[in-house]
């Protein structure tokens, strides 16, 4: 049976989750604002419209990539908060920082996709991966706040806690590598980020 | 009586629903951003303003159509999740894909309405219906995840399950037809999509 | 004591309320996007910036008016749904229509404020009040769906029901009057709409 | 044990909180829309892109500052509503006013950051701090509505109530000072606002 205090603490946690979900939901929906109807001359042919639509492919890739990235970040956020039974001010601040960096992802993704085949590609790649360095630090901070504040709900499976513990260790160094790799080629950054992206999706699936 | 595990699973489902509702709510509200106050010369007459407002009718039609489309998609999403009692990672991914495609509807609707009476109409119609092909696959994927993962809540009416089963079978082929029909005329696409749109509204009403 | 069915119906109603609240929250927050930082020459004086900020007063008025209008609409929506214990498809459609018209308010408010002191003022005033005619019909539709579908929750106070019944009768004809009054002067429209606005706020306060 | 009336009042409060959280979540997420991908000539070098990205630093500062400001406002809002067990129309109006002013913060922050090193800096600083004067009045109004309406939930800790009581007394006069200080230098405004910002964060942490 739950005590009244536990119920109140779970309500607190619920409100933090709901606020975070709100930010994730808005951020993920705003991505579609970057899909623009192309302007073609009124007397332009159907061919001109289909060409204009196809030429926009980088914005479709940026949209789908950002959407899936934010979705996987939401799944992982979800995964952590499933283990949490109460909150602390430290957790709220760490979570606030993580949400802030999450809303930056559409900007860096658009930057990367806009400059991918231009001379600025390496700079854009470094900014893209750099944002993920800051995000992975955000996840570490949230996780640290949960672990050291003993905020786990009763019955949180030790196995899941261990797995998250293990997985989070790799995040930051790998994203630092992806950032440094931009000096070689934007493809290095893309390869490492995509691999990690599959890793987080897979991680979330396992739990 | 509910067990504690059921309660926890229902909470999980509730969070997935709430996130989805957030995305639907934001997507549906952003549609109104396309209604723009027309610019008329400061010394322009009242007649010029009313003309300018009336000339914008395609944006009003696009707004109302998109709103109703997303609303009916929400109703149908709702209908499925009323039957669901627990989640799985597969359901979360399928639902994520469905939400992604949902946020694309305003873009394709605006495209269709902008080019409806221009040479590009067939291309725009194909893109419009093509997005619904991808959306109908999303609903099938969600439904498949629910059925094969045995995620139904206890007491989900078999009749509703059967009806959804039957209805979803028609979605994808009909939208493929609407996409192909764009080669003949955008009116063919419009007719099939509107008929289906009434069908989904009617379907949701019955349940 | 609540039965399980009642609990399930209340959950349904809760989800409809939450979706509506999401739309209201997004619509009301988007209003601030119309507040733009004025562009002044880099070597412009402080006086030029304060003048530019003051010249924008119509956008501040439009912002505050729209915000308060949507807020009062939310309060009245809230008032109705406090009485509701279950939903129907008709209620969901009526509510969807009402939400659609709600998201139009920022557009008509901006239109009215942009043209208030220009020749187009009467046209803009008619559009502004015309939107409220459609909104008042939305409230009637929702109310009708609740009353005729017997969707009241047990214990809904008859007094509140009677008062809403009485108040809603005046909405549509008064807004039709405000729309027609635009032919005389935009001030007539403004006066009637403001009076009604105070009336709805007062109404919501009483309950 | 809770009575049924208490449960209903808590649900009411929950809906008000959820609506407020929605507004905060949307407002905080919209901030990222001001991060724009810089346009560089297609044949521009990587150096040009990194320069363009660095030149945008005021928009990064404005983004981070606004985000943290709205986050701390949310934490404080949260802090007050944790003590609240029922609502009143006065609280709803006060809260509505507070939310309205909250959505203005991104505008005034962008204004301040855009003009910080230009001649208009003092005007922008006064507008920035002036908005916080109006916001601090909003918090006082909400707090007054809670205290004088006896809306505290049973068991709200007297200590927290006293602390909020004490802290809120300083808000308005200090922000008036920050507004007046803009006449001397925008740095005075910045210093006072940052100090208060740390104070509110610290306050929220203590409770």
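Order of writing sets the chain letters: A, B, C and D. Residues in each chain are counted from 1.
One rule holds for everything that comes next: a residue touches a chain if its C-beta (ideal position, glycine included) is under 8 Å from a C-beta of that chain, and two chains touch if they have at least 3 such contacts.
Quick caveat: nothing in here was measured; it's all calculated off a predicted structure.
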Item to check | Classification of the chain C:chain D interface as same or different, half of numbers criterion | outcome: different
Item to check | Chain whose Cα centroid lies at the greatest distance from that of chain C | outcome: A
Checklist entry - From the C-alpha centre of chain B to that of chain D, how far is it in Å? => result 35
Next on the checklist: So the centre of each chain is just the mean of its C-alpha atoms; given that, what is the distance between chain A and chain B in Å?
Outcome noted: 25
Checklist outcome for this item: chain A touches at least 2 other chains through residues 18, 22, 25-26, 30
Item to check | For the chain D and chain C complex, residues of the former touching the latter | outcome: 12, 15, 18-19, 22-23, 25-27, 30, 89, 92-93, 96, 99-100, 103-104, 106-107, 110-111, 114-115, 118-124, 127
Checklist entry - Which of the residues in chain A come into contact with chain B in the complex? => result 17-18, 21-22, 24-26, 28-33, 35-37, 40, 42-46, 48-50, 53, 64, 67-68, 71, 74-75, 78, 82, 201, 204-205
